[in-house]
Amino acid sequence: MELWFTEHQDENLRFSIKVKETLVVEKTPYQHLAILDSYQFGRVLVLDGILQTTEKDEFVYHEMIVHVPLFTHKNPKDVLIIGGGDGGSVREVLKHSSVERVVLAEIDEAVIRNSKKYLPTISSALDDPRVEIMIGDGIKYVNEHKNEFDVVIVDSTDPIGPAVGLFTSDFYRAVYECLREDGIIVAQTESPFIYGKLINKISKMFKEIYPITKAYIATVPTYPGSLWTFTMGSKKYDPEEVDINSIPRIQTKYYTPEIHKAAFVLPKFVKDIFDEV
Amino acid sequence: MELWFTEHQDENLRFSIKVKETLVVEKTPYQHLAILDSYQFGRVLVLDGILQTTEKDEFVYHEMIVHVPLFTHKNPKDVLIIGGGDGGSVREVLKHSSVERVVLAEIDEAVIRNSKKYLPTISSALDDPRVEIMIGDGIKYVNEHKNEFDVVIVDSTDPIGPAVGLFTSDFYRAVYECLREDGIIVAQTESPFIYGKLINKISKMFKEIYPITKAYIATVPTYPGSLWTFTMGSKKYDPEEVDINSIPRIQTKYYTPEIHKAAFVLPKFVKDIFDEV
Amino acid sequence: MELWFTEHQDENLRFSIKVKETLVVEKTPYQHLAILDSYQFGRVLVLDGILQTTEKDEFVYHEMIVHVPLFTHKNPKDVLIIGGGDGGSVREVLKHSSVERVVLAEIDEAVIRNSKKYLPTISSALDDPRVEIMIGDGIKYVNEHKNEFDVVIVDSTDPIGPAVGLFTSDFYRAVYECLREDGIIVAQTESPFIYGKLINKISKMFKEIYPITKAYIATVPTYPGSLWTFTMGSKKYDPEEVDINSIPRIQTKYYTPEIHKAAFVLPKFVKDIFDEV
Amino acid sequence: MELWFTEHQDENLRFSIKVKETLVVEKTPYQHLAILDSYQFGRVLVLDGILQTTEKDEFVYHEMIVHVPLFTHKNPKDVLIIGGGDGGSVREVLKHSSVERVVLAEIDEAVIRNSKKYLPTISSALDDPRVEIMIGDGIKYVNEHKNEFDVVIVDSTDPIGPAVGLFTSDFYRAVYECLREDGIIVAQTESPFIYGKLINKISKMFKEIYPITKAYIATVPTYPGSLWTFTMGSKKYDPEEVDINSIPRIQTKYYTPEIHKAAFVLPKFVKDIFDEV
C-alpha cells in the first residue's frame, strides 16, 4: 500500500516517507500530534505536520544539542530542557555523571505520554529519578527560577506555533537570569539554507546578552536544509577552549571530542550569517 | 500549476521540488537528461531521474571536491576531471592560479552541450583556453595516460548506470598510474546514511593503493542523506598537514582553510565506517 | 499532517486521498489489507494497495452490481456472491424480498472480520439470518454446487492476484452449471478506458456460454477510469426486456428502473469493445 | 524521470499524471496556461492548475456538449460557443452540415494560439471559413447580440476565476435574448459528486428562464468526480422528444443517437439534485 507522509518543508519543497501505519493521531490542546511507523526511519514523531524526531537519525540532533554544552561546562549539575518532550535530550543529559537533576519543561503532556508509549528507545530515561517533569509553559518556568541551572537547552519546535516565544530576546534574557554565574544556554536554531535571517537575528540577540556567543553545526538528513545550527550563549566557558583530551568517552554515535571542536568551524556562508552585524 | 519533480532517493523516501517548466528533456546514448527550472533551487540538472546539481546549492559540492585536494597539493598544474560535464568542478579548479591545464573527460556530450546552454553560472569556465574537453570513456582515458596529472577528480554520478566502473579497484589503480609521483585522487563517495557499505569498500580499496587515504565530508541538502563523503588518496601530501595559514583566500561560499581541516573530522558512525577493516 | 494514500492506477496515473489515520493494517494469507479513515471519502477499504470501496461512493457499485440482475430475474430466491467480503452487495441483495438465501463465498476472512468492525454501514447485513458466509475458494464452491442459484454475482478484485481465476472461461462455465435453468450471472468487468482488451475477451467468453449476454455501465469516481462495466450472462431473461413499470421502488441512491434500462446503452467506443469479434 | 502534474481536485483529493515535458508555460493576462506532454493522456491543456482537456479523452466532453443540443435543434445554422478556445467544440459543431457560422467567443487569445500550435487534433477546425473567432468577453458579446443564434454552448472553465460570470442568472437571461425563438443553450455544469449545490442552483435559474430545462450526463475520467453534468435550456425543442431514428450518423467515439436519449436518465441522487426546489 502506498501510504506516504509528506512534510512541506517549504511551499516548493517536499520530503516524503513511506508509512506502514499510524500508531497514534491526536489533536492536543497545543498541536496536532502523530506517531507513524515508517519504512525508512522507523517510528517518527510528527507535530503540526513537521517531523520532529525519527528513531533512525535522532541521535545526531540529541547528542549535539546536549554534549556540546555539557562538556563545555566543567561540572553541570542542574540542567533545564525547554521542550524536548520526546525524551531524547534527557537521555543524553543523563549520560553525564555530574548531573544531579534534569528538569523537562514541556508544554504538551501528550508528547511525553505518547513518546513513552510508542518511542521507547528515545524516551527511555524519562522515568529516571533524577528527572523532574514539569508540564507547562517553559517561558513562565524560566521567569520563576533564578540562578538555578548550569545548562539550559532550548529543544523547541520550529519558530511558528507554540514555540514562537522561545525565539525572542526577552526569553533569552530570562534564561540568563535562570542560569548560574557560569551557566550556558544552547538553542536549536534551524538551517542556514532556509532560515538565514532568523539565525542572524538570534545571533545578534545572544551577543547582546551573553559574553561568549558561538554557533555550531551538525547534519540531520530529515530536517529541512539538513545542515543544522545550534546557538550557544555562555557566561564563562568558551566551548572552543575545551581541552578535548579531558573529555571522557561516553557512548555516542555522532559526537566525539574532535567533533566538538570541528562543529564550531562554519562553512563560509554560515559564518557570514552569524557574523553579519 | 502543481508540477513536481520527485527523486526516489530510496524505495521509501522521496524528495520533491516544484517545477516551473522543463527547459530540455533528452534521451542521450547514455542516460535520460533533463534540465528543469525549479522554484526552490533555480535550474537543476537531472540524469536518469537523479538530481545532479542545482544552481542554489551546487557550490557546496563543487568547492569541496576541488579545493580540498588542490590546496593539499603544493603546486597543481595538470588536473583531470572524470565526469563533471556540468562544468562546476572546472570552474572551481580554474580559481587556482597554478593550474595550467584541466582535462574534462565526460562520456556524454549532451551533458556539456546542455549545461553550456541552460546552466551558464555553473558551466561558465568550460570555454576557458586552459580547458581540454575529451568526450569519451574516462576509464579508457586514464588507462592511456601515465604519470601526467597532479590531481584527478572523480566527479561521477551514483554507482549505478554509466558510472559503475568508476567505483572499482581497477579504476583506482589506473588513476594511481595516471598521477604524478606526488599526485592526489579525490572521489565523491555518497552518503554514509545510505551507502555505508560502499563507503567502507571504497575506503579499503584506496588504502591498498594509496599511502595516505583520508575521507572528508560536506553537507549537500539536495543529495540523498545530505551528509556527503569524499574519499582522497594521496601519494605524498597529507591533507590534514596543510598549513592553513598558507592557503590563499579565493572566492568561495562554503570552503575556507578552516573548513579544509574540520571536514576531515568525521562523526563517530562515519569514522567507524571508514575505519572498519 | 499531510498523510496521503496513493493508488497507482497505472504506471503513469495516480489517485491520492488525504488520510486521517489507519484503522487497521494487516497482512492476510491472501493480500495486504488496510482500512483508512480519509477526509474525502470516509472510511475506505484497500486491498493490495487498490481502493476497493469507500463509504462515500460504494452505493454506485453495490446497487448496480446487484439490482440490475435481481430485477431482471423474475423471482430470485438463492443468490451467490463470489468475493464481496465487505458486505455491500449482501446488503443490497437483501433489499429484495423474494430472496431467501444469500451465500457469500469470500476467500479471505480478514476482509469480513475487519469490514464488520470498521465499515458498519457497508457490512450491516452480514449478520442477517438469510446470509450464509462461506470462507474459502469461490471457484471450488461453484464447482461443487449445481443448479442451485438464481443469480451469481462476481464481486471480485482486479484481475491480478487472488482474483485471476475469476476471469476465466472455465469459471464462467462452472457458474453456468451452478445456476438454475433461468439463472443469471453478473461480473464486475473493469473500465473500458483501461481494460478494453480484457472486456472484449470476457464478452467473447460469455457469448459462447450464455444465450443472452449484455453489458451495462455505471460511473464510480474512485475506480480507475471511472466508467465501470458489468457483464451479464443470462439463460432466459433479457435485462432490457424488463417492464420497468413493474419494478418495485426500493431504497437506493443510484439505481432506478429508468437507470436499469439506460445503463445498457453504451457509449460508442464501449459498444465497439463489446461487439468486436 | 519522475515528473508529475498534480491536480488538487479538492483539498483532500489529488489526481496526478506523469509528464514527459512541458511544451509551453505562459502567464496570460487571464490565467496560468500550460500544455504538457503526458504519458497516459497525450498532450493536456492546463489552466490555472486545472486539467481542461486531454488528447485521449476530450472526445467525451466535446461530443456530448455539442451533439446533444445540435441534434435537438431541427436546423442549427448559427452557433455561439463561449469559452472553448481549444477548438474541440468547434470541431464537433462543424460536423453538422446545417451549420453556416460558428462564433467562438474566447476571452484569452493565448488559449487559441497555443492550442493551434500544440493541440492540432483538437484545434483542427479553427481555421475553417465558417468559424469567426472573437477574442473578448463572452458576456459582453452575448449582451450585444440579440436573436441571432440557434444554439449557444457555454464551454467554460470551473466556476472560479475568469468564468464566474458564466454561472449567473443575468448571463443565462442574456443568452435567452441572444437566442432565436427556437434556440437552445447548453452549459457544462460540473460533477454532482462535488458541485451538488451549484448544480441545483443552476437548475433553478434555468427553470425560471427556459420553458424546457433538462440535464444530461457523461463520464469524463480526468475531470474531478468523473460523472459530468450538462444543463440544457430550450425555448421550443425537447431533447428527449427527438426521433433518434432521424439523427444522421456522424463520426463519433462516444455519442450515438441512443446515448442522446440515455444521457438524460439520471442516477437517483443526481435527479434529486436537479429536481430539488
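To keep things simple, chains are lettered A, B, C and D as they appear, and every chain counts its residues starting from 1.
Please note the rule applied: contacts are C-beta pairs under 8 Å (C-beta built on N, C-alpha and C of every residue); 3 or more make two chains touch, one makes a residue touch a chain.
Just so we're clear, the structure is a prediction, and the values are computed from it rather than from any experiment.
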Interface composition of copies subunit C and subunit D: same or different, split at half
same
From the mean C-alpha coordinate of subunit B to that of subunit D, what's the distance rounded to whole Å?
54
How many Å are there between the centre of subunit B and the centre of subunit C, using C-alpha atoms for each centre?
56
Between subunit C and subunit D, what's the gap in Å when you average each chain's C-alpha atoms?
33
Indicate the residues of subunit C shared as contacts by at least two other chains.
4, 6
Checked against the stated definition, the touching pairs are A-B, A-C, B-D, C-D
Residue ranges of subunit B in contact with subunit D within the complex
1-8, 19-22, 25, 32, 34, 36, 46, 48-49
Quick one: which bits of subunit A touch subunit B in the complex? Just the residue numbers, please.
4, 6, 10-18, 38-40, 57, 60, 191, 193, 217-221, 225-227, 252-256, 258-259, 261-262, 265-269, 271
